[in-house]
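A short write-up of the structure that comes next.
Letters A, B, C and D name the chains as they come in the text, with residue numbers starting at 1 for each one.
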């Protein structure tokens, strides 16, 4: 009995302790919040991490300071994959956001839910000059002339290489628009000449990169021209473009000039860490990484276009990243505030700051004239590459994104296939399995949504 | 302490007690109203959050669901058929079995080892007992973070050790087999505190004269362990095994934090698969079918446990 | 199978002897009882012999071989525990076979020995039962059978009968003794019950205060107790211990009341005199000078026990005369008719006075045996 | 049992030490790295670097870790109180009241112990959404207001209460509530404390359900808070993450060490004597 009384005593102590901590925190928060009374709260969901998150929070603060009607409340909601379904699942509840960031491939799905207010509505109301936004980026999120969402963080997949290391080992850098072979050459030389101290290259197991291999080869992933002419009913993961790219990776893995960092968030941070510490020579990744790769990096960063198969012209890649959406379950007042916030994020100044801090492309065409961006280009000319790549791309149906629902499933499946291929499985077999599963998923999904009997 | 309390009682034994020991009073006429008031809240909660959802899950598992999660097309058992035909799901099931089996075996083995070490009568043994039970205070996310660091590539402890000893560096979390090993090790570690406490208690309750008798009869320590200790704690071992088994089938947090089901779905266990299909890809019909399969497996195991508890031998 | 204990001692903390300087020789085939009140160290001594408790000092020989530091299984003995130490998860048969299996005997031999042992203790009908389905007496016999099956010629028993009810205990005593003789076992038997020791043992070791008080045959201990402890420990009803004083060389005064003439002089000093109740005769009412006042009366059927008080307040237990009816407050006269034991101030036996006839103040002695 | 020889003593302690290291290793490593600057950790320099509490400062100031702790405390406390109350009321009905269908109802409740919550999250999420309970303490507590296991365990405990007490109470004219409050609860307090401990730990360790139903730091409990921290750090700020983990694990470790005897007794009586 005595022991129990003692236990209660300790528990009580604990409760008191934590409560004190809690109250301390709460009062701290209250002090922060006191500055903004009687404002309409605009809940904003985003999926930005690291420096991008910090910059985004700065922009939010800037918006909140710029006017007195609204207060944007940012909430981090995990990775892109998690966020889409969260948005759909919370729609119509008080938990749902007024404005949210959602990744490129969720476009079709979100458009079909009927949960969103197309930004076109406010563009028309405000006579907003849409032309100031980069056309390649904005086209991705438009359907039949209606702008569904506002592109915000847009990136291009690029090839990063450690220029300092290449110079050290007297290796000719890859050309601006490299072929698979060009990269293999550099990777081989790096690995050999450094006596395996430097790993030649890597490609993260990431469905987005798989999609880009197809795009740059000019091949469709889904029928109906990647969904641009109608609802896709089947997918094709085994086109020559896909197989060539996978064979290329597999061969390099077997040669020992390619290192596998796996999939997922950890994979990316690991490959970045290795690259920064000079243990990895080259990798394919989003241009959004430029910010992280330049701050505090003693080595010179080299950037080239996304690679393409030998003997073919690069078709150009689709953009990556995400756009901002308005949810239609909020009052007109709130939606208007959310739109104002979007407009604030899209100003030339905001976009320039955004590119400087993160590496995402400044989508406001007038940003190029801002001092911030000019300074960046002067200091690091390589940072022009993604923008140039985007401008050099003539939009067509295979490099403008895939208008297909369930692309998260597609990414899961292609990533699984990539993992198998990286472990040595036959690319055609691995990809066929994924393709069958995805086609069946697409058809079920079409049936469930009444697009297809 | 004037009474014994029994947190893990046997269901049917309780019933037999009721029959053996008729209460000295009969029900009052107004008992049913009191009962409704006392029991009502619990029944409402269980009804809304346990019974209804089970039926609803069954219902959903017979449908295809649309973009926003509503059941639209009735497909009967087709979702189940798809699952059984899917090599990915079979692989997930198989991975779950491997995981569950390894976790149970290792948890019990190491747990018995710890308990056996802790029953020794040595100076300062209380400190070791406290240490051995420490992981009971560790939650999944903390365990995941601790182990994630140990297993993480290049900065992690294991890789650094391997590098400094010039051993081949293993990509723990990105190689399918090793990732499974990593989550098994982490899970076992997390389970040990609870398992140790239970097994240690059981060991302490083995009368020492049994060991005396065995020693006099010529049994070596090894023989004593196998033929006295193990049989004596076997009811507890079984209890711990089923609790661990059921717990392992429900594992989610460690996987979510450490591997997210990868690499190559190697650690995509059943609960994780449900989460992925429902809350990442919005495929609620399919996920419901997976939930039903999971429920059947766990219900079966719980039933086995009940049955055993009912029959279980109580040694005086 | 002879056992020799020489100077055995046990300490857990330095200089705190739980047992000190225990020596004894136990002959082959002997039933040797170790008796003493609880806490005297008798179980510890048995466990030291078994090898379950390490020996701190002295030597232990079994059959001439020094086994002091050997583990239990190499001492070729067997043991029956107070709690029986049956394995609850094993059947009777498997319990009996446990040691044989541990020692890896061939199955045929195990079977044969187990069958015989179970037969000997008369449990053949119960061989497949689990201990929990047996009565206390049956469990006790299983423990016995296990000892028998080992065929060790030395069997240690730690209060094996103490968990049985009184009737069964009496029955088992004879049975144990019969088995011991039939099998030619050497038994070392620990008990706190003097009756058990008296009825069963060939020799008894009395332990008290961590030391051996006396070793001898039951009759020895009864008739020639070495000290007050042994004297009062054996015999029921218990021996009366009266304060006594020798004021003149041959005159002994008990409880300031009863005078006894000593056949030989003793130094002038305080003594303790032990008299068993059956050595005192209560005189019929009206005869002699009453000197004891009845406090309580216990009718036991065949006997009537009287708790009385002498004038100086000393308690004296007496056996009443059969037909008489006593009440508290009655005064009775007594006569010392049996043996008197004179112990010195330290409780050591000094003199035994056989069959005295003493009446009232007029004490008288028949014969004297000097023990000092 | 086995004899202890001095020459084996060293080996015994060595064995114990190894086992202790196995258990404590991850803790020690966690605490140690929480004291190192992340840059050192990233370089792989685990020893010899400067040691400081900076990571703890960072965790407390830059993240919502304290808020997460507060949330968990609120949720776990509410859940614990509710479970002890509702389970004991339910168990009371099963032990001291007679009504039609008592046995049948009991088996129904027993059956719920077989249904894993993990397999029911989809409809439960739908329910939460329908009643607009998402992202609120309420939804983290409501499904766990009662537990079949708790009712079951307390029913067993209440059965130990002598029937004469109930009879005496009836003669004294106590109503059921008075009997419940003044006799049954005090009598079974050990079981109640055991249940409370389990409810608290169980609630504290919730992971999947809060992950599905909370969308902001205001309500996110600590387990999911750590997940949030981990996924926000692109560079894996190991020092700060480890510091957060240590902050989170400390309270439960303290409770465990203080109450370990108690936990042990509770666990073992259940596991071995039932």
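The rule is simple: a residue touches a chain if its C-beta (ideal position, glycine included) is under 8 Å from a C-beta of that chain, and two chains touch if they have at least 3 such contacts.
What you see is a predicted model, and the numbers here were worked out from it, not measured in a lab.
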Most remote chain, CA-based centroid, reference being chain B: C
Best-connected chain pair, where connection means C-beta pairs in contact: B-D
Computed distance of Cα centres, chain C from chain A, in Å: 91
Centroid spacing, where centroids are CA-atom means, of chain B and chain D in whole angstrom: 15
Distance between the centres, which are taken as Cα means, of chain B and chain A, whole angstrom: 37
Gap in Å, rounded to a whole number, between the CA centres of chain C and chain B: 57
Interface hub residues of chain A, defined as touching at least two other chains: 86, 89, 266, 273
Contacts with two or more other chains, residues of chain B listed in rising order: 1, 69, 152, 154-155, 212, 215, 279
Residue numbers of chain C (touch at least two other chains): 52, 71
Residue ranges of chain D in contact with chain A within the complex: 42-43, 64, 66-67, 69-70, 73, 77, 125, 129, 132, 134-136, 189-190, 193, 215-217, 228, 231-236, 251, 254-255, 258-259, 261-262
Contact footprint of chain C on chain B as seen in their complex: 207, 209-210, 212-220, 223, 227-228, 231-232, 234, 313, 315-316
Residue ranges of chain C in contact with chain B within the complex: 47, 50-52, 71-73, 77-79, 81-83, 85, 87-90, 98-99, 101-103, 132, 146, 150, 156
Of all residues in chain B, those that touch chain A in their complex: 1, 63-69, 72-73, 82, 86-88, 152-155, 171, 173-174, 176, 259-260, 262-265, 276, 279-283, 285
List of chain B residues in touch with chain D within their complex: 1, 3-11, 13-15, 17-18, 21, 23-28, 31-32, 34-35, 38-39, 41-43, 45-46, 48-54, 56-57, 60, 69, 110, 113-114, 117, 120-122, 125, 128, 130-150, 152, 154-155, 157, 160, 163, 189, 192-194, 197-198, 200-202, 204-205, 208, 211-212, 215, 221, 235-236, 239-240, 246, 249-250, 252-253, 256-257, 271, 274-275, 278-279, 284, 287-288, 291-292, 294-295, 298-299, 302-303, 306, 309, 314
